[in-house]
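Each of the next two complexes has chain A plus one other chain: chain B in the first, chain C in the second.
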Partner chain A sequence: MKNSAKVVVIGGGVVGLAVAYNLARLGVKDVVVLERAYLGSGATSRCGAGIRQQWGTEMNCKLAKKSMDIFEEMNEMLEVKRDIELKQKGYLLLAFSDKEMEQFRKNLEVQSKFDIPSREVTPEEAKEIVPHLNLEGIVGGAFCPTDGHANPFLVTEAYAKAAKRLGVEIYTYTEALDIEKKNDKITAVLTDKGKIKTDKVVNTAGGYSQQIGEMVDLELPVKSERHEILVTEKVAPLQGPMVMSFSYNIYCQQTPEGPFLMGYGDPNEPESYNINASWHFLEEMTKKATRLLPPLKHIRVVRQWAGLYNITPDRQPIIAEAEEVPGFYMAIGFSGHGFMIAPMTGVILAEMIADEELSMDLKLDLGRFERGDLILEPSVV
Partner chain B sequence: MDSDNTIICRCEDLTLAEVQEVIDEGYTTIEEIKRICRLGMGPCRGSTCLQLIDRILANQQNCGREEIKMPTNRPPLEGIKMMEIAGDVDEK
Partner chain C sequence: MRIKNHPILDFARDREITFYYNGQEIAAYPGETIASALHAAGIRKLSTSSKHHRPRGFFCAIGNCSSCFMVVDGEPNVKTCVVEVEEGMVVEEQEGRGDLSEKM
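For the complex of A and B:
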């Protein structure tokens, strides 16, 4: 293992690897990534694999649109060995009240500013897009045909391999234990395999980002919460788009390989690091899914698991350097949508670290929570 | 053994040659291998392939099978139709 590095990235999920790849692409030498298990072992490979551009805040819309542009080019850009399985069959968002539909219309206005090709749909149009949809209670919806899916394992692998080719060193099964400081400046990262001298650390530790914050005495305004998910057996193509509703509380899509992936957010889920699967979820999930999408009742559940959302008070990530601790950078608090905006997050944070001009105007600093300068993202499951 | 015609994972139709290629890329644990090539992720939930992959990895790593860590065992124990869990479903 190296004993010094220009930048040490803590967290080998899709975000950390996207940051590392982009740092190397910008010519930063000596980048190290630390991952305490295997790559993508945290939230990345536990996520719902969806890619959505239909957001309610400008920042989320911009990051999501630019990230989709990158996903579309990713196979070539990262010279992948395995196709990332990008599928763009859309996201169909369903409204169950006029108030929810009003919110969709507001969101659609924000989205149109950033050339996101989303549109309002009537219940009848929704049924044309997803014929097996049970329309009971649905007053309308929104549809973006270029939203979709990519394989989180293979996107992670693609970034890791591309980063390695550019000289990034990736240490798996290596845990960051502490960060040393001298006169408020970072001097080293202590790992279970030895010490790495550095003055720049990137926190991309997902559900454990607050623990990395503690290492530099920062109390980060994020909390972790279990979100559960299940996958079914493979079946013939039945459903093109992701079907999603915030009020009915569900997301459900068929991945290109054939299985359905689905989840919902439990409003009573406490803050914790618990990633155990529960019977309660299985029962509630199958009820929700089979009611909204009746043909799914004949499909078998094969596996269920859980992962951590790392949630900020405004449901938007923190992508910034900490003013209090120079050299401590963060891409954290993705609130359940880190995978889908990882590509652009990697670009922007690498530009910040390399002191390059930012290719996108971004205001997702840490100070906004103290200033009370929050725009709440309304569209999260 | 003809590794192009030896099936390791029947659900995902993976041959020994395909699995070996993933291992040769440097993946050393079942958790990693299954995420790359879907070994063990089908409806039989790894009932055959997990007992083959641990031998392959043990051979490769010159250790006993017991030293190869099995992936996390996730519920349910076998595939169950959604309707059997959800109970009565409105047919509308």
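For the complex of A and C:
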């Protein structure tokens, strides 16, 4: 293991690896990624694998749109041997009340500013897009045809391999234990395999990012919360788009291989690091899904699992350098949509660290929570 | 091929039933699974793999491996190795992944 590095990235999920790849691409030498288990073992490989551009805040819309642009080119850009399984069959968002539809219309306005090709749909149009949809209670919806899916495992692997080719060193099963500081400046990262001298650390530890913050005495305004998912057996292609509702509280898509992947957010889920699967989820989820999408009752569930959302008060990530601790960068608090905006997050944060001009203006600093300068993302499951 | 004498199990084979495999009439005994009845009738191919459409047959026999998935009375992905055969059942070979388009 190296004993010094220009930049140490803590967290080998898709975000950390995207940051490392982009740092190397910008010519930063000596980049190290620390991962305490295997690559993508945290939220990345546990996520719902959706890519959505239909957001309610400018920042989320911009990051999502530009990330989708990157996903579209990713096979070539990262010289991927195995396709990342990008599927752009859209996201169909369903509104169950006029108030919810009003919110959709506001979101659509924001989205149109960034050339996101989303549009309002009537219940009848929704049924044309997803013929097996049960329209009961649905007053309307929104549809973006270029939203979709990519395989988080393959995307993670693609970033890791591309980063390695550019000289990034990735240490798996290596845990960051502490960060040493001298006169408020970072001097080293202490791991269970030894010390790495550095003055720049990137916190991409997902559900555990607050623990990395504590290492530099920062109390980060994020909390972790279990979110559960289940997957069914494979069936022939049946459903093109991801079907999603915030009020009915569900997302459900069929991935290109054939299984259906679905989840919802439990409003009573406490803050914790619990990633156990529950019976309660299995019962609720199957009821919800088969009511909205009746043919799913013919498919068996094969597996369920859970992962951590790392949630900020405004449901937007923190992508910034900490003002209080120079050299401490973070891409955290993705609030359930880290995978889908990882590509652009990697670009921006790497540019910040390498002191390059930013290819997108970004207002996702840490200070916004103290200033009370929050713009709440309304569209989160 | 059926086991006739077993040291522990008794097979009640006094009544014969009939079911259909790809339109062909097959005789079976109550209590047999679909796959075992097909196997006894000499049928080895139950489904095809989803990507390369290679033949798939009787494999784990305990409902774990998905190799015996067939369409039974219009229902795809039936684990025929653990589902008992019934009089008049319509069993069809499954081509790759189960198709639910009929269920919509």
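We adopt the following convention: the second predicted complex is superposed on the first by the 381 of 381 C-alpha atoms of A that agree within 3 Å, B and C clash if a C-alpha of one lies under 4 Å from a C-alpha of the other, contacts with A are read in each partner's own complex, and residues count from 1 in each chain.
Here, a contact is a pair of C-beta atoms (placed from the backbone, for glycine too) under 8 Å apart; a residue touches a chain by one contact, two chains touch by 3 or more.
Please read all numbers here as calculations on a predicted model, not as lab measurements.
Engineer: Between chain B (first) and chain C (second), which does A:300 come into contact with in this model arrangement: first, second, both, or neither?
Structural biologist: Both partners, chain B and chain C.
Engineer: In the superposed arrangement, which partner chain does A:153 touch: chain B (first), chain C (second), both, or neither?
Structural biologist: first
Engineer: Pick one for A:192: touches chain B only (first), chain C only (second), both, or neither.
Structural biologist: Once the two structures are laid over each other on A, A:192 reaches no partner at all.
Engineer: Just to be sure I read the superposition right, which of the two partners does A:323 touch: chain B = first, chain C = second, or both, or neither?
Structural biologist: A:323: touches no partner chain.
Engineer: For A:258, select first, second, both or neither according to whether it touches chain B, chain C, the two together, or no partner.
Structural biologist: In the superposition, A:258 touches chain C alone.
Engineer: With both complexes overlaid on chain A, does A:45 touch chain B (first), chain C (second), both or neither?
Structural biologist: After superposing on A, A:45 lies in contact with chain B but is clear of chain C.
Engineer: One more residue to check, A:132. First (chain B), second (chain C), both or neither?
Structural biologist: Only chain C is touched by A:132; chain B is not.
Engineer: With both complexes overlaid on chain A, does A:234 touch chain B (first), chain C (second), both or neither?
Structural biologist: After superposing on A, A:234 lies in contact with both chain B and chain C.
Engineer: Once the two complexes are aligned on chain A, which partner has more residues of chain A within touching range, chain B or chain C?
Structural biologist: Tallying touched residues of chain A, the top partner is B.
Engineer: Which chain A residues lie in the overlap of the chain B contact set and the chain C contact set?
Structural biologist: 233-234, 298-300
Engineer: State the interface residues of chain A toward chain C in the complex, per the touch definition above.
Structural biologist: Within the complex, chain A touches chain C at residues 131-132, 233-236, 238, 258, 295, 298-300.
Engineer: Under the definition above, what is the set of chain C residues touching chain A in their complex?
Structural biologist: Chain C residues touching chain A: 50, 66, 75-77, 96-101, 103-104.
Engineer: Applying the document's contact rule, which stretches of chain A touch chain B when the two form their complex?
Structural biologist: Residues of chain A touching chain B: 37-41, 45, 82, 134, 136, 153-154, 157, 232-234, 257, 277, 279, 282-283, 286-287, 289-291, 294, 296-305.
Engineer: How about chain B: which of its residues touch chain A in the complex?
Structural biologist: 29, 31-32, 35-36, 38, 41-43, 45, 72, 74-76, 79-83, 85-87, 89-92
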